[in-house]
């Protein structure tokens, strides 16, 4: 059994653990690179949840959703089936309508991938940018 | 270049061509079995489109969406990167609120997978079953 | 935090917990039906791991891999973003080269999807059927 | 019917057409951002194929595979179910063991996403960098 997520390690960096399954791999025998964006997002979702923020609930109560506006990822080492990964979330910058988050994926002592993800807050219907709801900004570190 | 879809072969069976990309494969070196459900759905979507039905347009005009209610698939032979697959759509049964569709995926003369997919028509908000809109039933063969 | 998997509930039925993320959903606002095959597989993988079987290790030591040969799934109720699902694994039949496994996905007291998955053991290179390695058959209940 | 790919538009920029299916969308009602990496890759694969390079054949004959080492993507406008996208491939830089490729995804006259993808050539077993096989470098523009 695998503890799914925890804020261990440092005061401000959140960590999420996950396992590599068949669905994550490709014919190269390793994790398909695009899937690190999924892993990073799972970690961000658990980070928000740990802060008390459910995204479905946020949408229902404020009409706001987060969208990813920029992704930058470097792939350093491949992960394989059954590997246990530790994915970090480190909030780097808080704008009035966006967040910049540094993320890394580790397997044991090996850094597999790292990147920076920029997230914007938009209206769920119009997709127009809007300020972070106070429900969010008041909870962020 | 690959013609994306055509109604060749028989009067009533529709065919859709697609290519296997890295994203479709797994660490076994072959197409991940769950992805045949995606391939089958692409073919059904193109079949509907060839009949004059866009699903987004249908939802906008009638509030109805199709949902998959049952899937049954047998996997016979693996496909690999770069393979060109031919996916068939054969409407087997038309109910007032559902369709049963037989589908096969071929690579050349080899049958890779086959199955039967049952689709229901539901209201996009409540997910309650509803009769097929006449926009749909009037176009089906 | 979510305990990832446990054998609670019954002597023979294994359960795996997972969370619904953005990657799992589709434009209907619910979990894309094909993804239940992924959820079922994650649960089977954790069931094997709980029995002491890592699939990558099995392949390395015996040259055998499991392939899915038949899937049958009924979809009863949609899951949504942030839902916590409990996926069961119930070994129904043990052949010399295959396993039949009944699986269900629950959200709280609601059954979302259920199915039967048949798995065969094949040689990782030739994909020819082979008997279950004794490493496997000796561990199965 | 949709012509799958063509080198129209400019001498050096390749274009690939694709359709948005249910599998590509998420509960925001739009294409899940990580899937643009898949769309970009499909376009690169068809670009290589148009140059006479099959990646499976390349691996079989030289033991080399391409891996993605860096991705940078900006997301500008969401795509929806049934949209037809045009994805471009523009080779920006050729190293001895890597390629840098600028890519864009358009829907009609609207730019949806753009990015730069860096690809390295590695040995399929060791994942160690190696020079581009002459089979590749001799065909590149």
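Letters are used for the chains, namely A, B, C and D, taken in the order the chains are written, and counting of residues starts over at 1 for each.
Heads up, the rule we're going with is that contacts are C-beta pairs under 8 Å (C-beta built on N, C-alpha and C of every residue); 3 or more make two chains touch, one makes a residue touch a chain.
Bear in mind that the values here come from a model prediction, so they are computed numbers and not experimental data.
The chain with its C-alpha centre at the largest distance from the centre of subunit B is A.
If each chain is reduced to the centroid of its CA atoms, subunit A and subunit B end up 33 Å from each other.
Centre-to-centre spacing of subunit B and subunit D amounts to 25 Å, using the average Cα coordinate of each chain.
In subunit D, 22-23, 28, 30, 34, 38, 41, 80-81 are the positions where the chain touches two or more neighbouring chains simultaneously. If you draw each protein chain as a dot and join the dots that touch, every dot ends up joined to every other dot. Listing the residues of subunit A that touch subunit B in their complex gives 22-23, 25-30, 32, 34, 80-81.
Considering their complex, residues 1-6, 19, 21-23, 38, 41-42, 45-46, 49, 54-57, 80-82 of subunit A touch subunit C.
Partner subunit C is touched in their complex by these residues of subunit B: 28, 30, 33-35, 37-38, 41, 65, 67-75, 78, 124, 127.
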